[in-house]
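Shared chain: chain A. Partners: chain B in the first complex, chain C in the second.
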Partner chain A sequence: MMKIEVLGTGCAKCKSLAKNVEKAVAEAGVEAEIVKVESLQEIMNRGVMMTPALFIDGEAVAVGRAPSVAEIKGMLKR
Partner chain B sequence: MEYLSAHVLTCLVPAFFIAGAIAALLQREAVLKYFGKDAPKWLCYSVASTSGTILAVCSCTILPIFAGIHRRGAGIGPATAFLFAGPAINLLAVVLTARVLGLELGAARIIAAVSISVLIGLIMAAIFDRGSEDEEAASCPSPSASSEFGSERPGYIPPIFVGLLVAILLAATSGLALGPKAAIVSILVLASAWLLNARFTDLEKASFFGETWWLAKRIFPLLLVGTFITGVIGYFLPVELIRIFFGASDFAACFAASLMGALLYMPTLLEVPIVGTMFGYTSGAMAPGPALSLLLAGPSMSLPNMIVIWRIIGSKRASVYISLVILLSTLMGMIYGMAAA
Partner chain C sequence: MLGKEDERKEEGCLCASGDLLFLACAGGSNVGQISNQAAVELAKEGRGKLFCLAGIGAHIDAMIVAAREIKLVAIDGCPVQCAKKILDHAGLPAALAVVVTDLGIEKSPRLEVEAADCERVVERIKEGLRG
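Right, the complex of A and B next:
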């Protein structure tokens, strides 16, 4: 199973990314666990300075922006 | 209501497109490398005090970058410089200030914000930086960026595109006669549309328009409602009272304005109508000095944001930072008040 992490301190952009991820996962029909990482400490530990950020299986796929549903679906397929 | 008149819209619409292009098309991560431990100091401070223009499109990005610079990179000095300057020189805010409150105050806001931020950074570093941050300097993970950005395109294309958009903004708000202005604006619009179409991928185009629309959708309603409310409050605030508190550019007025700005939470851009209508800067009730003090301390600080800063850098550093912001904003207001008189 895939592990998808959405990093962000709860700003509007981060929420819209989380929504996009849920939608993309549902549309792509993949099995994935979606985790929201909201603590600034934890975000810092990843070395991420620009939120929102998206991690798939521990790997950063987007930092500092919120990819669209279509783009996330493409990332899921890889 | 004159705030929302057509000429304000002509400045905000291009500004939204610029902000959208910055967020979607520029590789902003590149800027972050100047905040590393090994970057030369002068470069670090210059970037910290000015990069808010492109990094702070959304105010919520400030705190993570601040914490990142502080803990992993260049330390407390550049971090606090960025923290202060980021929101204050945010592109939309500067454009709106210059348009609504006058070019002079807009320019004063940028210059004062940048110089205060460097001062704050240097003072904070002098007091607190012992030079030995024990944390390892991990680099910001960069996602496989080359796949999402057209890699065969020369790196200067996106900045040129943003430059074209800035030119549109300048032309649209310039004092030219309607005929030549319309001609120049339409040529620039066509040029940027061509460049966008020829040199950017569909994904980038979609994300550019998405970003622009997202910003406009979030900020316009807030600005409309906020302008209305501040207008109503301003209507009921007795002018004599404002004159007593903020009518002169002396120490008391500037200090009161900067203290008030520091405590109150002001949603993005609302500091402009707050100064303009609520306190009547445009009608002459509020003097230029306190107006600038409020614009400086206001967007950079609020109670909720003080609490977060407190937690990140500790009470001693936070209280010094907060007092520096209030004091220097007061001082800048007084200087500007003298210069304007």
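Right, the complex of A and C next:
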């Protein structure tokens, strides 16, 4: 199963990314575990210096911005 | 006094702001240290974000992905231009590249940073960003 991680400390942009991810997963019909990483320490230890960030199966696919639902769906297909 | 960047970190947020990243060589000479201090000053003024050149050199994927989205400023101490070359190797061309010795500041093994030298570099970068 695909693992999708949303990294962000909980500001508006991070929440928007989490919502977009949930919507994209539902629309794409993929089976995925969505994990929210909110610990600043953990986020920085992953090499993320700008949030929000999106990781799919351990790989960074977007950092410092919140991709749209359509863009996330494209990322899920790769 | 806390700069804008520090205030955001105090609030526990790394939310991306602005559209500039400063990457300094931070090398082992006076001009290398000046490059880093200039980047720190610019970030504290809220002109952009101080970013980890070492992370780019190490090909940390989260850092490469972040740097692809934003305009990059390479700040090098000397003509060897390690910062600019690291960015080039990673396929991340700098929008602006500044070399401290080009401003007439001589390279030496001393590590002290003169505030006036740092200020000149900061002003040169601001000028480059305006132009």
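The criterion applied here is as follows: the second predicted complex is superposed on the first by the 78 of 78 C-alpha atoms of A that agree within 3 Å, B and C clash if a C-alpha of one lies under 4 Å from a C-alpha of the other, contacts with A are read in each partner's own complex, and residues count from 1 in each chain.
By our rule, a residue touches a chain if its C-beta (ideal position, glycine included) is under 8 Å from a C-beta of that chain, and two chains touch if they have at least 3 such contacts.
All values reported here derive from a predicted model rather than from experimental measurement.
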First, second, both or neither for A:9, with chain B first and chain C second: both
Partner chain(s) touched by A:50 [first = chain B, second = chain C, both, neither]: both
Partner chain in contact with A:30 - chain B first, chain C second, else both or neither: neither
First (chain B), second (chain C), both or neither touched by A:69: neither
First, second, both or neither for A:60, with chain B first and chain C second: both
Overlap of the chain B and chain C footprints on chain A, listed as residue numbers: 9, 11, 13-14, 40, 43-44, 46-51, 59-65
Contact set on chain A toward chain B in their complex: 9, 11-14, 16, 40, 43-44, 46-51, 59-65, 67-68, 70-71
In the complex with chain A, residue positions of chain C that touch it: 12-16, 49, 51-52, 55, 60-66, 69-70
Chain C-facing residues of chain A, complex: 8-9, 11, 13-14, 40, 43-44, 46-53, 55, 59-65
Complex contacts: residues of chain B adjacent to chain A: 23-24, 28-29, 32, 55, 58, 60-61, 63-65, 67-69, 71-72, 138-144, 148, 203, 206-207, 210, 214, 218, 308, 312
